[in-house]
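Next come two complexes, and both contain chain A; in the first it sits with chain B, in the second with chain C.
This part shows the complex of A and B:
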């Protein structure tokens, strides 16, 4: 059954698009958590689509790890950062929201075009895997570049990282679970450290605009 | 799995935990120094007999990894020694949380050791990201808006950058996979073994992503924008490690991919890409040196320039590979010495502006003399190591019928030397009457610890310039062979 995997991957792209189009920080973080749940379900769905018994210990560990880290732990950290900083929305992004949505549409098109050319040499259970992975990498990059608030930039980094994670699932048959888990753990610690930095930024500058972080230049 | 290799990774992490628990700076410094000594001793024992890599193990050591590991260990020891006077005497600025310094520095060492000892590319990626996370809070050691800005840029730009390197790593897995989806996995030894059968398109795409990703962390232009901020704002013993050890670790990431390309019989493409980014870095680094008035940023841009030189050497291949690797060693040692010596200047004058420092020759005679020597050494003047490595690369460029490349290379190096000397030498001479004065009285032991480590690093650079010792020569040849270069 590849329909479920297709559905999850399509949702992943749509949620990425939603992240680009919203200016409310809470909504952005919720969307990121939703992506975390989709990522957790994806390895199981892909196995099912490939006609393998969908559940065994490594895949359940990976699913549980992804959901625990990307859908629960990281969103909690980010929500706490938002509360501490007392900001609710991205007011003046570098690129306007309309502009970002237009850019996002172009990037998703580009991802599908690349997906046509970069055909995986083996079946992975869904034709959408490569386009969805590349879409999220590109959309994440767009969010990091086009937004000013530190928290939104972290969400962008997470979207990018999620895209990479999706691509990594293609290697399920040759990748030890330990490796995937250490990558997940790195991202968790990464967001934790970024959260501390955000805390200091909001205390030092009284707001979260990374524009203030532009005194070091020639 | 060799117990020594396990020790190199686990000891710093355990020591970090121990240092974290003790809330006394004195105990922390002893833990720091003890770990540095045991680490360096263990690395030294690896030089005496290299354990044979066990196929399939996820950690192990080869000549290339040992080279980078040794530099990290030596610089860590120098920084640990220097940290004793640096932290106990008080510094020129208010530290945000001094008791976090030693634990973070130890975690940083553990992460760097894991980078050099990884035999699995995904594990290596995780270790490189861990180096970012351990070192970012160190950049924000001083409570200044500037250092916060530097730490944030470093965290975000490097994390985003090396996420791309992870994608490149996964691409390699695809390159090795057959129609059933099974492949060699991401073990370095497995990938090298099946290299000739790898799909070239995925292999090349993987190299591009790894070059961009790890290149960001290595400070290759135009991806270096965070580097002068981070290296300029962090405490100088940390700057020495960031410049002298961490950049090498990021380069090692690229070199692992380059070696697989070479084993696949396709070294030309990856070499050319290294050459292009190498020249871009040499050009941008040199241009940024001109007119730079902050001497720590000056040293940081010099790192961008020197990373360019190393990338050029390895990109050329052949005997220039040896030159590039020798330059890696020279740059680490000389730049480590420069950062530590510049810290002596900073602590005597309280400013990083090269225009407000004059007469260092009188105020801190020993450091000033060594700083003068170090500028000559880093600038590529004989009889120091960088001269030998740069000349090796230059001759290889000329021999390959690319004389204009060789000429451009030497011309840029000349400009870089003049720019650096032009900013540094006036600091040493003149009258220090009008300069800010912050120096307190220092004990002889502390003065020794502040001057001794950089002096020893410079002495090694001098030895490398006179004659490369046989043991180092053998490791350099072994490392060059891994990259497909001859010696």
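This part shows the complex of A and C:
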């Protein structure tokens, strides 16, 4: 049944859109956690759509790993750094939120257009897979570029990585589990490093505005 | 069912049922708040009472003030005749009538805003300006949703669309997104809570209520009746998009519209009204949702 996989991928795009449009930092982090859960369920749904037995050990490991890291560990880390660094609870967009939503709609349209051009040589279980992957990558870029705070940039990076994860599910046919698990670990390490960097930024500058990094100090 | 009896059933449905919907919404809101609430038939009684009163006209108003309620009621009724309520082909169906549907909604709203401006009252001018801003943002969303449905079903008339949707799978991403955007448009078009509070008593916060402050008697009845009919038409459209089996079955269609009204009542009980700048964000979001739905529908059609 590809309906479940289609639905998960559509929800993934929708949550990405919500991440761009919300003005609250916590909602942004929670949306990222929700994307983690959807990504955990996706490999199982894709196997079901391809007509393979949906549950076996490697897939369950991947699902559990994705949910544990993307939906639990990383959001907790982010919420903790929001609390400890005393960040204001609003995202500070450089482009207005209306502008971001319209930009996001254009990017998602672009992703669908690219998805139509980019036909994979083998069936991947859902037609929406490539558009969903590309649109999450583009929305992640948008969040990284158009938001001022370090935390939102981490969230944007996570959205981008989620897109790459979806794409990996389509491409890595032979040893997807190994590749994806190593990617998951990489992301966790990356977010740790960013968390430490965020603490340093907030200790040095008393706030998390990355604009301050653009000017030199003595 | 022959064409004539279908038309008769549709006209009866369109004229008799609408005031039930605001009554139902009021009842659901009262239940949620722990009150017993007014009778379901209260809107009918209100309309009856207003029709038996005289109208008061300010010395500054022109014919536009009287035309507003009349045209808005007529336009909404015509829009209702475009829906296949009683037969699989609506009385006024033709290829491309979805544009006319949006245009009729716009025409009614335009004359209501003109009538509000005609009074020269500052409150009504402010309300009209807000209504203009909101509807300018809600209209693209409605057009995008209808275009999505047209692409998904390969038909250009509302009757064809709602009939064609029945043969498609019940849950496709495009249809789900389109239904979500249509729900947001429904709340905006009918001045329901996250956009506008129909129960507010403060002129500064009014949008729809603000525009009708100077209307009285039969004019006010026409406005309330048109508002109820618009709620019925948009609810029926949403119900038919979610469950296309409703088309051409009048009792099921009416039941679908009532279910949508109950959901609107629940939404009204659970949410607070949005701040004005947030309303624009909400509606731009609905348009974005519609655009994504259109992209998904075009994509699903493009790759066999």
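Simple rule for what comes next: the second predicted complex is superposed on the first by the 208 of 218 C-alpha atoms of A that agree within 3 Å, B and C clash if a C-alpha of one lies under 4 Å from a C-alpha of the other, contacts with A are read in each partner's own complex, and residues count from 1 in each chain.
Rule of thumb we're sticking to: a residue touches a chain if its C-beta (ideal position, glycine included) is under 8 Å from a C-beta of that chain, and two chains touch if they have at least 3 such contacts.
Just so it is clear, the model here is predicted, and its values are computed rather than measured.
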| item | value |
| --- | --- |
| First (chain B), second (chain C), both or neither touched by A:17 | second |
| First, second, both or neither for A:102, with chain B first and chain C second | second |
| First (chain B), second (chain C), both or neither touched by A:6 | second |
| First (chain B), second (chain C), both or neither touched by A:213 | first |
| Contacts of A:179 with chain B and chain C, given as first, second, both or neither | first |
| Contacts of A:115 with chain B and chain C, given as first, second, both or neither | second |
| Per-residue touch tally on chain A - higher for chain B or for chain C | B |
| Which superposed partner A:131 touches (first chain B, second chain C, both, neither) | second |
| Chain B-facing residues of chain A, complex | 118, 120-124, 137, 140-141, 144, 150, 153-154, 157, 160-161, 163-164, 167-168, 170-176, 179-180, 182-183, 185-186, 189-190, 193-194, 196-197, 200-201, 204-205, 210, 212-216, 218 |
| Complex contacts: residues of chain B adjacent to chain A | 120, 122-123, 125-126, 129-130, 132-133, 136-137, 140, 145-146, 148-153, 155-156, 159-160, 163-164, 166-167, 170, 173-174, 176-186, 199, 202, 205, 228-229, 232-233, 288, 292 |
| Residue ranges of chain C in contact with chain A within the complex | 169, 171-173, 176-177, 280-281, 284-285, 287-289, 291-292, 295-296, 298-300, 302-303 |
| Chain A - residues contacting chain C, complex | 3, 6-7, 9-10, 13-14, 17, 21, 97-98, 101-102, 104-105, 108-109, 112-113, 115-116, 119, 127-128, 131 |
